[in-house]
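Next come two complexes built around chain A: one with chain B, the other with chain C.
And now, the complex of A and B:
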């Protein structure tokens, strides 16, 4: 077996073995790891491959969550249809958000995406008849083939499977003609356009795909939580996603997974520190950008380069 | 081959080009001279439709209107821009940069023979094929930029200030290369501040000032024209 496949096999085996010996709370944390890691994949595509920034991903996450909740509760459709609907709704909005991204970059794009997330949050809050507004929305437990999954133990494996599927899609996207074109645009938009790569098309694809991933994650999250309220989808969530992606590593699927672990576990580990937590997050982020710009996954690269292998975490 | 007529362009309220008409005959080298901010790059950007300017007028390539086409469609019709300041993929090798030039063509087929053709044209690049583009000198980078454009099998190339920031000796070399690709049958529209060199290799030339064409004619005539000499050749 080639080393790369062996590593993936081992990682999947470890992920599959993780829940054993844990309690309900442990299952819940592991489930959130998978859900966050999916957002990590979406940022791997948007930022890592496309070089576009977004601090509005909580908006796509919210759209996915509410879309799925509404499809399942109000239209009575199955759980997986709801999840898909969450992805599609978020993806469509992603294509829409890409339009300002065609005109602005950097800080301005950050502000535009931030505005989008605030708009989504406010809209969900005000549109009471549909979203429950202040009261929020109850979301049924996930169910597969007619049986409801009462425990997060089983749900974790569903999430793991979906994460692996999305990671596989993201990996192939990176190797596809579209993915390569996107990376060329990230390296130099002018050079890429001179080679005949249409920028608008690729920026829209990047945003839509990224938003789709995040929407699916949001939908799965809704069914994990069981109850939605708009506070969950605040600016803080967008910023957590961004720092998770940076700390895990923006340029690989492995980095997305590590980011997921970071975002789900850090609050548990740092619980003792109470209000000082935010300071610690900030310092961690700065340290990471300063000393480990490739993210946690690049630690693996250091080991690999000792073994004379090609790096994973760098673009 | 390339006909620009009554082209005007503006960025918001700022007018960059006024009523510009220009034609490039098949297999010729046409130079467009002008100082900084005269509107030279805007003109090229209008032709390739790669700048956010509002424009009126007509741009035709072999009689076909191209002013509304997206950039990639224009490149696919054989009009390729070598942008100002080379604009290479800095992190990629010379060969990878060249291969990127073939992006718009049918995938994975004839790029190998095109690559050999470019190496034959620029033998200096052969030994540098694995070098990272960013680590090369300005002149070498310009060669890669032109080579990359050649990979797209252009019928006409638009060169935006290829001599920018190059030592005089290298400028001479780059201009020699431009003559060479022209001899291969590629039409050239050359935008330059270095008027003396640009006129030396051109068949025809235009002078643009403050967004208007103020002078045009054969390169020899412009060379003799008192104004041009005074304005652009002064100390060069």
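And now, the complex of A and C:
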């Protein structure tokens, strides 16, 4: 049996080899794969481990993007500081959004997170002096150690490294006592609380961590795009994230990566269908929930269980 | 001083009185049975002590500290653990993980250590795993340790719930119908287990049970509830002969509970 480490090594080797032979547009698509996969990781934590729902992740994404852009352009700080600031600002708002989650669940929580995302989008639009409002905001190219990265080829490797770092953190969290306590609350809140595990603390950690990941992703996205406008961070983006996470698989890091590929590649593959694209996305999502509730990654699990292996999705 | 002292506990659900002015106490290393016909308020009372419900009036002192107003996890961390009438297990995960989750609150590294898998987080996991392994060994759950709980028989699931409660090193255990759905032989074993918890671990027990053989053989004292009120309290022999209890259970006709 290939040990887990070998599988991870092979996946990383393939990811590292992917850009070769592609052009600028290919680099851009691969960069978006990594950026979306980071959001996938954030939903792995929030929904997969925490059992919480959010249709407001575009809000955290926007906060990360604008925070980094503003820190880099207005305060003149380095690119990586901007990315970290994007994560922290989003993470703080994540802790705030956790407060309604302590009171409401399911549809009500979904509406509350939706309200949050709309609020963020509107606030960024109106706050012209800071965010450029309807004109938007120009964001410089990413730079490392004083040199600007002109090509998305190099940037892809930065994104890959950050994705791997976040995946490692998410994996550590999944096997940590805090992460497992969070999963215990999802399985039975009553039993977990009677075991001395407080729900409020863990729900706040889940939202803040998830929002931090999404904020980092948004910041990296801002530097990839080069120009921010609030339209990017609409309800449609939140819903795309959610369907990407479901289709890739909510319960593992591998699922998050597959979800990233799905969200970045599907529009390319389906371009010919023009306006019918949205219908196809919807049908794909329904088919996935109906026939592949574990997401694309569960195909790997099915193959593994045929070979008598433990499923990857189990912590 | 009593370990657990309830005085004047009252609670109603949308106008319906579930408990009214219930007072009694559980001494250190004592097994107290709580009996009464269906709907008498036994489970409600247990839920008040473990703080899933908050009583409207009255006080619950544990080791001299007031419990009313605290959260469920705080009460658990103070040393009160429970089992549930209809089982509340983490069904999708292994027996081992269920037991670890019962003691994990005592082994916390900082959140940053958990994210970065620092040595302190790894040390906490090692200690928790060792304690879990010891409990599995002691309770003879070795054969099923890595089986998912939902694949186990009902009887084994009850043992796992008991093991998880024990993992919290409780001073007081609240057992809600541990013998429900068991045959006479299994019920006898439940009575043995309850006594062993007290004799070997020094745990005080508040036991809700319908099976009179279990109650009569295991308990030092018995409290009887009917319609949310305490109607009798005494030793098993006293309760067996109490006219009020016989009337509550048997009624005027032979409508047996």
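Here, the second predicted complex is superposed on the first by the 311 of 315 C-alpha atoms of A that agree within 3 Å, B and C clash if a C-alpha of one lies under 4 Å from a C-alpha of the other, contacts with A are read in each partner's own complex, and residues count from 1 in each chain.
Here, a contact is a pair of C-beta atoms (placed from the backbone, for glycine too) under 8 Å apart; a residue touches a chain by one contact, two chains touch by 3 or more.
Note that the structure is predicted; figures quoted are calculated from it, not measured.
On the shared subunit chain A, the superposed partners chain B and chain C overlap sterically. Judged by the touch definition given at the top, the superposed model places A:173 against chain C, while chain B stays out of reach. By the touch criterion defined above, A:150 lies against neither chain B nor chain C after alignment on the C-alpha atoms of chain A. Applying the stated contact rule after C-alpha superposition, one finds that A:205 touches chain C and leaves chain B untouched. Once the two structures are overlaid, the count of chain A residues touched is higher for C than for its counterpart among chain B and chain C.
When both complexes are overlaid on chain A, the residue A:196 reaches chain B and chain C alike.
In the superposition on chain A, contact of A:105 is made with neither chain B nor chain C. Across the two superposed structures, the residue set of chain A contacted by chain B and also by chain C is 177, 181, 184, 187-188, 190-198. Of all residues in chain C, those touching chain A in their complex are 50, 52, 71-73, 76-77, 81-82, 84, 88-93, 97, 100-102, 104-109, 111, 114-117, 121, 124-125, 128, 164, 168. Residues 103, 177, 181, 184, 187-188, 190-198, 200, 315 of chain A are the ones that touch chain B when the two sit in their complex.
The touching residues of chain A, when paired with chain C in their complex, are 169, 172-173, 175-181, 183-184, 187-188, 190-199, 205, 209. On the side of chain B, the complex with chain A involves touching residues 50, 52, 70-72, 75-76, 80-83, 87-92, 97, 100-101, 103-104, 107, 148-149, 152.
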